[in-house]
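Below you'll find a set of structures to go through.
In what comes next, chain A is part of two complexes: it sits with chain B in the first one and with chain C in the second one.
Up next is the complex of A and B:
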């Protein structure tokens, strides 16, 4: 690493720390003055506290849209809240309360979140409303409203990739559920504890392999000259070797199989966890009542694991809708554009056609699709959280 | 047949059946890896010979030597390790601070704060990639390792803060109170009491952060811009299979070298990985 980069890095760290400290000071001062004005009848003080609070929100919004303006607004907000604090909250005590501690602890993570998630999303929304060819600056670009979206929806590539993404998601989620359920039931059913441990260990292996490497692996396995199927043909198990990656019908399903191989272990792990929480007494009393295995599965096991299964499948759906690596590495979207997902189309528009506006429109479509599922996901999983308040 | 004999037969069928289904699962999970490994130890050029052999009759490690020495595959592996370990440490530090505040300090809007941290993890990378790319470019860090590390640190915060806040909230709250009575500040309580007790959780979150950063592809390939010196493992593997289209022994050796560290990590710490994956999603 050369000196030039080291200086840039030091600068970034210094700015980050400075922003953390300044924001902390400002927010703390604002909080203290808000606490003081809460009980008092002094209208002007209460109003100015609220005004400074609004200024913070405005500068946050400004940062998401145009960071260069936001710096001034944020500086004004921090300065005015410090002045407010000095005027209202005298004498200033230097000991931290628990809430101020919490503010200090949360600021760094939130700054990162804002810089790397909320800011980029806002920018992508703005990009998608502009005509941005061969430029990365939306301020100087033409505002065309929903033009990019309309152009996207009218295009064949969009229709094809949308249908493929949905088909891919539905099939891989179903496949993952079936294979995962099978794996989980067998692993739990095995009485032999050593075998049980071995299976659990092996199950996590496919999950851990990075998707892009997974894609390269399966490209070799699906090789139509010396792939897995050729070996099966040699052993006389199949008649003919399909041309996996260059015929449209096969390529789609090859991608789905590769995806299911990677993710069904994850579903299995979730279901194994859920199966372990079912109390054994339920099965014992079912045995007393003379229930057979199928009845026990339908009446006891399935209802008990269904909440976890839903969480796992929602998670899978969100993951499948955004699929990029696998397709990029395995088929490159081909043959033709049959295995192009929404993500890979968006990526192509960004970095192959240098059309940020059009790419962003595709990305926002994925965003809307995924947000729909993530709302369900969050409402499901957040019930499990209970903190001391 | 009397009852005892039937029971013995049943048991035997059971054990036979269990061995068979476990074998099916093992084959399903491992066949691609075994296949790639078998290819990687074939002598160069024999991977396309027909009739094909599943396991080579004269295995050789030529491909590995070629990949490691001539093609300098150690460099992407080193790059990946540098990026992933820095990212893991920094990300855990920031995430543990925020998870501590959310899980253990008396503040309002805890769930909302956690939600705001979580929502990032659900946002597909393709949505944030273009502005992030422009941001890194304007910082002048395009084609450098730090340019990749900075975003990765924060990409790990959603999952780390999620895991850590579940671990932190499992520690008895009375410990905090007694530490405060004994005169610890909140920061001391965090550093000397909570962090050591949550060490297993930190470790678990660390594994996830490491794996996540090691396998991340989209940003890595965009930021490194085809510069060989700063390629990470996933980018290098993809470039390999583009560059040496037909040298599958080399590509396979590269794949095995790339996944070996991750597989070892996951296999050794299997229990932690499984408990981390199911944290929060499975009611315990």
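Up next is the complex of A and C:
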């Protein structure tokens, strides 16, 4: 690795650790001060502790909006905490309580979440409220409120891609579930056979192929010159080779088939895992009661694997709503804009049109959509996620 | 007691971990500054390839730079080959004000956009006049925005023209076509006798390449990009006639319906295999069409300007790739020196011998070794005169996207050609406003 890059990476690690230590120091001092002032009659001290606490929250909010300001606010908050601690919590103890240790271990994860998750989301929301072309500096850009959202929702491209994305998601998730379930049950039924190992290996292959290679592969399979249909024509099964990827009906279903082929193994692997956890005694009891295979599947297998299936479908739905590489690689969004997805529109506005405001509005719409589906799925299965007592 | 000790040890290790990299960082910063300057060039994989009797371009550049400026080290960063992904990676770098790349290969499509954004260093007054004098000013115009030269180019240039099967046309007694009608008549006659033969191939996938070919049809029917009042002229009667003709070519079978799924590389296969009479594409194919290992039609072809309708003008889409200096580069002085060497005659000649593109340095075209290596070079001259630059707008990418969507929708029968162009013009006007 380049020495300069290594030095920069080490520098980043050093800064991160320093921030963790400084924050830990500040929060520990503040916590100790708060404990001392709790129930105390010294109102000024209690107010100071609360004020410093609020300063931390303000620093956090400032970091999400304008990180350059946050540095000063956070420094002020930490300095105030240390001063408060030195004044109120004397003599300073260097031993940690369990809570302080918990705080110490939480800080890195908390900072990571803030910097890598909430900061980008907040910035995207802010961008979406500004007219931002050829610049990523929202401070100097025109604030237009919901203008980008209105423009997005009114655009024909958005409506078309929204309908396609939903249809694509529903179709591919359904197909993935059915194919994945079939594959999982087949491998389970063949559990003592050599075919079990062979099938499991075959199942994993599509999943292991990178998406963009997958797209090229399917583009060739659907090619009217050399693809699968040419073989069908040679065998006399069809008279004319359809031009799959430039006919709207064919193109839409071609990408759905390719996506289902790619992701069904993931669902199958989830379900194979769930099937392995079903106690054999249940089947043995059912055998004693004279239940046939279908009854056993409906009454035992399916109810037992439902929680896992729902989680698998949640993953697949989120992935399908965000789909981009496969569809773009196969059809380029065509014919016309028939297979344009919501993600590809957001991407185009961001990077191709350098219109960060509009791109952010599309990204937030997709985010809301995914959140809606996620909440729906999780609410359906909430009971299954609770810890069993 | 033990827990307390563990905590203290833990804290000690963390402080050491935090301080150590800082010390290393500081030690690194105190290292004596190396006098060697590194200039990184961003271009696609073709920079490391050669198709002729010369080294790949990057080797020629490194040798020339090492000879004149031994302290400058030339690094190479490979960009994506497709224009869309290439553009998008640049945008990402520019938005991050990335300084790791100094010289960038920039498409003429992006001149206005990058110029408007101020991401490229203006070159006026910064390039040695002796170098500038060697370059064709007409080409440099395509890399000028708001009166400022922001790129030297083309480093690699492509112009669309019409390839034809000279042997077949001669056999049937036809001259190379100058009008669309002549081309259609030739196709119908030859295809009637040869049922397996394709008439005219051109790439029409839902991709930028469709827009490139569209420009040729648009001007071929007398159309243009913008009206006098600055609004889009994409739905002018001439434009509608052009798109209807493109659709007619597919419907009549002169161009196979599969072209709507073909990129550039797919589209020339039939012509090279000897199964098509005409093919529209860039001039670079001519450098290997006579190679029997790559082509079934050696010495059986010709290359001429695209046909036109009465009242239209023959047009070839110009795809020029210039080199510009990154505004955020920390080695701008060194980058400018490398840029001059890249466009000086020795490197330009080596590049022509290795890849034979259209180039800004006009001295290349009179060099005996270059002409001996590529005897077809004179064919480019008449095609180069028909060059049409991309739509001159900072919003080119968005406009081209709108066009490709609607053109493809019309060619695949999803929309009527007239309606497709009305929609495209309306959406382009929305952007202009």
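As a working rule, the second predicted complex is superposed on the first by the 344 of 389 C-alpha atoms of A that agree within 3 Å, B and C clash if a C-alpha of one lies under 4 Å from a C-alpha of the other, contacts with A are read in each partner's own complex, and residues count from 1 in each chain.
We adopt the following convention: a contact is a pair of C-beta atoms (placed from the backbone, for glycine too) under 8 Å apart; a residue touches a chain by one contact, two chains touch by 3 or more.
Bear in mind the structure is a predicted one, so any value in this text is a computation, not a measurement.
Engineer: With the two complexes superposed on chain A, say which partner A:333 touches: chain B (first), chain C (second), both, or neither.
Structural biologist: In the superposition, A:333 contacts chain C only.
Engineer: Please indicate which partner A:247 is in contact with in the superposed arrangement: first for chain B, second for chain C, both, or neither.
Structural biologist: A:247 contacts chain C only, not chain B.
Engineer: If you stack the two complexes on chain A, which partner ends up touching A:101: first (chain B), second (chain C), both, or neither?
Structural biologist: After superposing on A, A:101 lies in contact with both chain B and chain C.
Engineer: Examine A:127 and indicate which partner it touches, taking first as chain B and second as chain C; both and neither are also allowed.
Structural biologist: In the superposition, A:127 contacts chain B only.
Engineer: Which partner does A:351 reach: the first (chain B), the second (chain C), both, or neither?
Structural biologist: In the superposition, A:351 touches chain B and chain C alike.
Engineer: Touch check for A:49: first (chain B), second (chain C), both, or neither?
Structural biologist: Neither: A:49 stays clear of chain B and chain C.
Engineer: After lining up the shared chain so the two structures overlap, which partner does A:17 touch, if you call chain B first and chain C second: first, second, both or neither?
Structural biologist: second
Engineer: In the overlay, work out which of chain B or chain C sits against more residues of chain A.
Structural biologist: B
Engineer: Taking the superposition on A as described, I'd like to know which of chain B and chain C A:221 touches: first, second, both or neither.
Structural biologist: first
Engineer: Now for A:212: first (chain B), second (chain C), both, or neither, which partner does it touch?
Structural biologist: First partner only.
Engineer: Could you give the residue numbers on chain A that contact chain B in one complex and chain C in the other?
Structural biologist: In chain A, residues 96, 101, 136, 225, 351, 356 are touched by chain B and also by chain C.
Engineer: Please give the residue numbers of chain C that touch chain A in the complex, ascending.
Structural biologist: Those residues of chain C that touch chain A are 4, 7-8, 14-15, 17-22, 24-25, 28, 84, 87-88, 91-92, 95, 113, 116-117, 205-207, 257-258, 260-261, 266, 269, 394-395, 397-398, 401, 405-406, 408-409, 411-412, 414-415, 423.
Engineer: Per the contact definition, I'd like the list of chain B residues that touch chain A in the complex.
Structural biologist: So the residues of chain B touching chain A come out as 15, 18-19, 21-22, 25-26, 28-33, 35-36, 39, 47-52, 54, 94-95, 97-98, 100-108, 110-111, 113-120, 122-135, 137, 139-141, 144-146, 150-151, 153-155, 157, 161, 165-166, 169, 173, 185-187, 211, 214-218, 222, 233-234, 237-238, 240-241, 248, 251-252, 255, 258-259, 262-263, 265-267, 270, 273-274, 277-278, 280-284.
Engineer: For chain A, which residues count as touching chain C in their complex?
Structural biologist: Touching chain C: residues 3-4, 7, 10-11, 13-14, 17-18, 20-21, 94-96, 101, 134-136, 156-157, 223-225, 243-248, 331-338, 340, 348, 351-356 of chain A.
Engineer: In the complex of these two chains, what residues of chain A are touching chain B?
Structural biologist: 1, 5, 8-9, 12, 96, 98-99, 101-102, 105-106, 108-110, 112-113, 115-121, 123-124, 127, 136, 179, 183, 186-187, 189-192, 195, 198-213, 216-221, 225-226, 228, 230-231, 234, 261, 265-266, 269-270, 272-274, 277, 307-308, 311-312, 315, 318, 321-322, 324-325, 328-329, 343, 346-347, 350-351, 356, 359-360, 363-364, 366-367, 370-371, 374, 377-378, 381-382, 384-389
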